[in-house]
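What follows is chain A paired twice: with chain B in the first complex and chain C in the second.
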Partner chain A sequence: MAEAAAANRDFPRLYGRVGSLHRERLLALRLSYASLIFAAIIFLAPPFYMLVTSIKTNAEMADQTLNPWIVRSPTLEHYAAILGNPVFLTFFKNSIIVTVVVVTVTMVISVLAAFALSRMRFWGSQTLATGVFLTYLVPDTLLFIPLYQIVGGLGLLNSIWGLVLVYPTLTVPFCTWIMIGYFASIPRELDEAALIDGATWPQMLMKIFIPVALPGIIAATIFAFTVSWAAFVYPTAFITRPDQMPLTIGIVSQLVRGDTFAWGQIMAGALIAALPPVVVYVFLMDYYIAGLTAGATKG
Partner chain B sequence: MAPDGTAKAIPAAVAARPLGRSRGVSSLERLARRRSTIAFVMTLPLILVIAGLVAYPAAWAIYLSTLNRRMTANIGLDNYLFLIESESFRMIIWQSCFFAITAVLFKALIGFWLAHMLHTIPTRGQRKWRGMLLIPWVIPPALSTLGWWWMFDPSYSSINWLLTVVGFPPVPWLGQPWWARIAVIMVNVWYGAPFFMIMYLAALKSVPEQLYEAAAIDGATSWQRLWFITLPMMRNIIAITVLFSLIVTFANYDIVRVLTNGGPRDTTHLFATYAFQVGILSGNLPRGAAVSLFMLPILAIAAFFILRGVTRRAREMA
Partner chain C sequence: MAQVSLRGVVKEYEGGVQAVKGIDLEIADHEFVVLVGPSGCGKSTTLRMIAGLEEITRGEIAIGGEVVNDIPPRDRDIAMVFQNYALYPHMSVFDNISFGLKLRGFPRDEIRRRVDKAARILGIGELLDRKPKALSGGQRQRVAMGRAIVRDPKVFLFDEPLSNLDAKLRVQMRTEIKQVHQTVKTTTIYVTHDQVEAMTLADRVVVMNHGVIEQVGPPNELYRNPATIFVAGFIGSPAMNMIPARLERAGGGGLLVRLDDELALPVPPERTERYAPHANRNLLFGIRPEHLTEATRIDKRNLAPITVTLDVIEPMGMETLVHFHINGTSVCGRVDPAAGAEAGAPMALAAHMDHMHLIDKDSGKVL
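And then the complex of A and B:
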């Protein structure tokens, strides 16, 4: 009896609460959108400003009385100039060669290793898996000085093949690590069924693991691609000849010269160079994000 | 039974295996067929990469750092002692720690805030916002920093133009030590905050909805929900992300190289950029190796805790 009375007494308050919950929710939504809009403006301002600069005429850029954030007479002259510059095209070609070779090598190495480490237990396989993760945590800035000597000893300084040799240190550990996670999540019944049907290990890898873990393979490939495309420490250390430079160091060291700042061209070049990773991201966003979060949540 | 003979082929294959092994197969062939042998061959390229391009160089760096400049004599720990005693290197240690800690703190806070805001809005809209807010992370940092450099330009700074519009005096972004330090941290936060946001958003989505329902029934306020449910459930991911980012930020190179190149008067140098200047540009490889090895203790501690967090999380999820 007393309880029922208490419940009755509470009802008006409960209804009041519901109303305030609704109001609270509305307030939270408004705050969320306000924060997101603010963050989006800040986050997108630098690339937007790069774009604005790249389509401005030099005269407009030099006029300090104008608002620098808007463009009055858009022009594509900087793009034409940079795309007609053979040095820039060489950077682009070098970046493509290095990236394609490194991504292919990385994926072969890490898929094979991840398959063995996740399915065939052998002596030291657990230690090796931990070692892979630890290697991933070793930054390139710790290794570039000894690698400078090693690459120099092989006569590969000032050559894109020196980069092809060392870039796997950036890509292989992480790709192997997330592939181990993806392979480990494939149910064991699948490989037992394949074994009973007389499949060999290579057949199992090609016909079951690679197709089933395809999302993981795409995520790892995207990671390897973006990392080799954006790599900066190794090319800065190993390459001083413009004809062997990839895009990142090429733009930073060759287009920026002394006092004559060709800002329009620099920005146009930087945007063109940033385009491939951004395009990959736009079209494969879900895989990209899966790869990003896999390092800590899988394995 | 089956006209194409598949039904018969399967038992035949199973039956043929032990027979084939016991009869007429050389020991070499048997070794090649053993599971551990195949596994070893498959992991060999990985082992070569780790041993040849990470473990060996790391060991070589330690040896290298004990040599003199011409690499003719072993001078023990003299490179380290020289560095520790020099005023300018002590400032670099301080600057590296200040840079890494401040930047990671801001990245973590901004990332957490944005992840929370993203989690609040309806699911349909989240994809679009998430896609937009991750852009800074996608652009290669060396290239986006060029854009920032131009925005910080002493005479054409577009940020100063905005400040003047609002009524503030222009800021000498890259000209004065403290402003340069702030500028470098700003760019690093801009680049790294989206990564935290994505990690935290994934963690937020993995918190079971029932916990919040139970809390709502108990009349918990939103602060209590955050403090007693969200944070404890995300503790592991927060720790992993923060420690991981601490390593990467501590070892950062490209932003400082492009934005200030260590200046003004070497006040924004980090371990990595200073190691580059000493080792590659001035040609003192052993001392450069010593500079970058100063990062090792901090990296090792962070790596230890990350590994612990990741294994613990794997066990929780299993």
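And then the complex of A and C:
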């Protein structure tokens, strides 16, 4: 009897506590949704505005009386114009060439460098690893003037190959640093096991390190891709000939004539230019997250 | 299959710190040798030098009669099992086990045959398509052993392979390792800090401390006749009792071990000659808990009665541990659960003097 009475006495209080916990959880959930939605609006408003503008007619754009966020008569004429413009396609081609070459060169150099710096002990390897990172801290806005001299001296001004030469100064240090971190997280016993199994250093890199560090390699690839696709300062400084321009500066330099802005085409071009990074992110993110959640080696 | 020789092996790190201070050890073909000692005693470093993962500062290591000091690990024909298994996380069990064979260019059907054989020995046939992350700790350990067995190397090296497993699985895997060794008979060097593992697995145990070998011998030999105070204290659980004592001459040419003013235990006559030179010295009297027991339990010869007041009793089921003090030193004895031991009560025990040890405190040697 006494026990039952005690239980009756305690239960409501217990329920009350559980209820308040539940309420707190709900509040936290609502707050996080609210802040996420707020952040999403802030970040997505510009691309949305670009999209809206890119499918408006020039007349609609010029009409100050209309709500700028609403399209009345959507048109694809700006997209048709820009995709039918051989100059724009040249920009696109230039961007692709530069990015593919830079990403490839960057990943080859930084994976090899990170492997050596994280696993082979040699004189000065620690200092070198720190030095690699420090070079990344120098901003490109400081570097473009001396680099202009160098690129000019090599006769690579006004050539995409000048860009291919200088972009890795931005991408290699950071990617090497990311890869050093990933390689360092691979247990040393793994390479020792491979050594005993009969692997040479290159085999160890190809068969153990690269597959195991794939999430890191993808993260570094995304970074290198973004940097070289979106680079603005270096091409602005080094390229003045339209046939060598990448998308980023091509759009603004060729679609602005004096004080006439071809807004529709600028927006359409910018959206098309933004498409490849989005595709790459969406495609690689799955691998990236899958890799992050993969099982560890210990049990 | 091969013997392993270590001659004057020294490992010195930068700054002159010596992890291994000159080790001589001969390991016979087919032998199972366990290196045991506390952490930092140099046992793992020694194993890694044999594997070729650490350079040898001085001395010589030979495998199968061939000096391997300058030979890289892959050409030493050894296989190693690591504490954290070191399985390749992106490969299936089959690929993990066959990795070494593939690198060495074995034909496909030979690889299949060897992996199947190793999987059969270890009972992991159904796991071959799984990734390491889908395996339990014990299964991972078996795969790591499979990777070693499949190569049919001259020597197996085990570096604390059971430390990551829970207690029950550890006992089970211990038996399996012993069975595997009895099947494949490959010379095995096994490193552990667990003296029970060392005792149960080894043909010979090598006890290491501070970078030197304290004693080498079969498990029971080390247990019965430890050579140093370190081995006496390290091997056996609960540890050997060591009580400060004075060796005195008794009437009739005999010797007495005096523990305090009232308590003096007679040394067995057959040991008188051995201990006589140390008469009238302050020594440590060493005796294992199972040799401090109720008088009725062991044979009557060379029994020295001691009556003590028990501080604590610990029932273990098959026996009961009793703790008491002799002259300020905490001492442990082992009695039958039915012997009526009670905390706070006096109890009549007997020291089995045939199993006594006398230890020189200064040199650390067992006399």
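The rule is short, and it goes like this: the second predicted complex is superposed on the first by the 247 of 299 C-alpha atoms of A that agree within 3 Å, B and C clash if a C-alpha of one lies under 4 Å from a C-alpha of the other, contacts with A are read in each partner's own complex, and residues count from 1 in each chain.
The rule we apply is simple: a contact is a pair of C-beta atoms (placed from the backbone, for glycine too) under 8 Å apart; a residue touches a chain by one contact, two chains touch by 3 or more.
The structure displayed is predicted, hence computed values, not measured ones.
Which of chain B and chain C touches more residues of chain A: that partner is B.
Looking at the shared chain after the overlay, A:208 reaches chain C, while chain B stays out of its contact range. Touch criterion met: A:193 reaches chain C, while chain B stays clear of it.
Contacts of A:232 after superposition: chain B is touched, whereas chain C is not reached. Taken together, the two complexes place residues 196-198, 295-297, 299 of chain A in contact with chain B and also with chain C. Residue ranges of chain A in contact with chain B, taken from their complex: 24, 28-29, 31-33, 35-36, 39-40, 42-44, 46-47, 49-50, 53, 61, 64, 67-69, 108-110, 112-113, 115-117, 120, 122-123, 125, 128, 130-135, 137-150, 165-166, 168-169, 172-173, 176, 196-198, 201, 226, 229-230, 232-233, 236-237, 248-249, 251-252, 256, 263, 266-267, 270-271, 273-274, 277-278, 281-282, 285, 288-289, 292-293, 295-297, 299.
Chain contact summary for the complex, chain C toward chain A: residues 51-53, 72-74, 78-80, 82-90, 99-100, 103-104, 131-137, 140, 147, 151, 164.
Those residues of chain A lying in contact with chain C across their complex are 187, 189-190, 192-200, 203, 207-208, 211-212, 214, 294-299. Those residues of chain B that touch chain A in the shared complex are 10, 13-14, 17, 35-36, 38-40, 42-43, 45-47, 49-50, 53-54, 56-58, 60-61, 64, 110, 113-114, 117-118, 120-121, 127, 129-136, 138-144, 146-148, 150-151, 155-156, 158, 161-162, 190, 193-195, 198-199, 202, 206, 222, 237, 240-241, 244, 247-248, 250-254, 257-258, 271-272, 275-276, 279-280, 285, 288-289, 292-293, 295-296, 299, 302-303, 306-307, 310, 313-314, 317.
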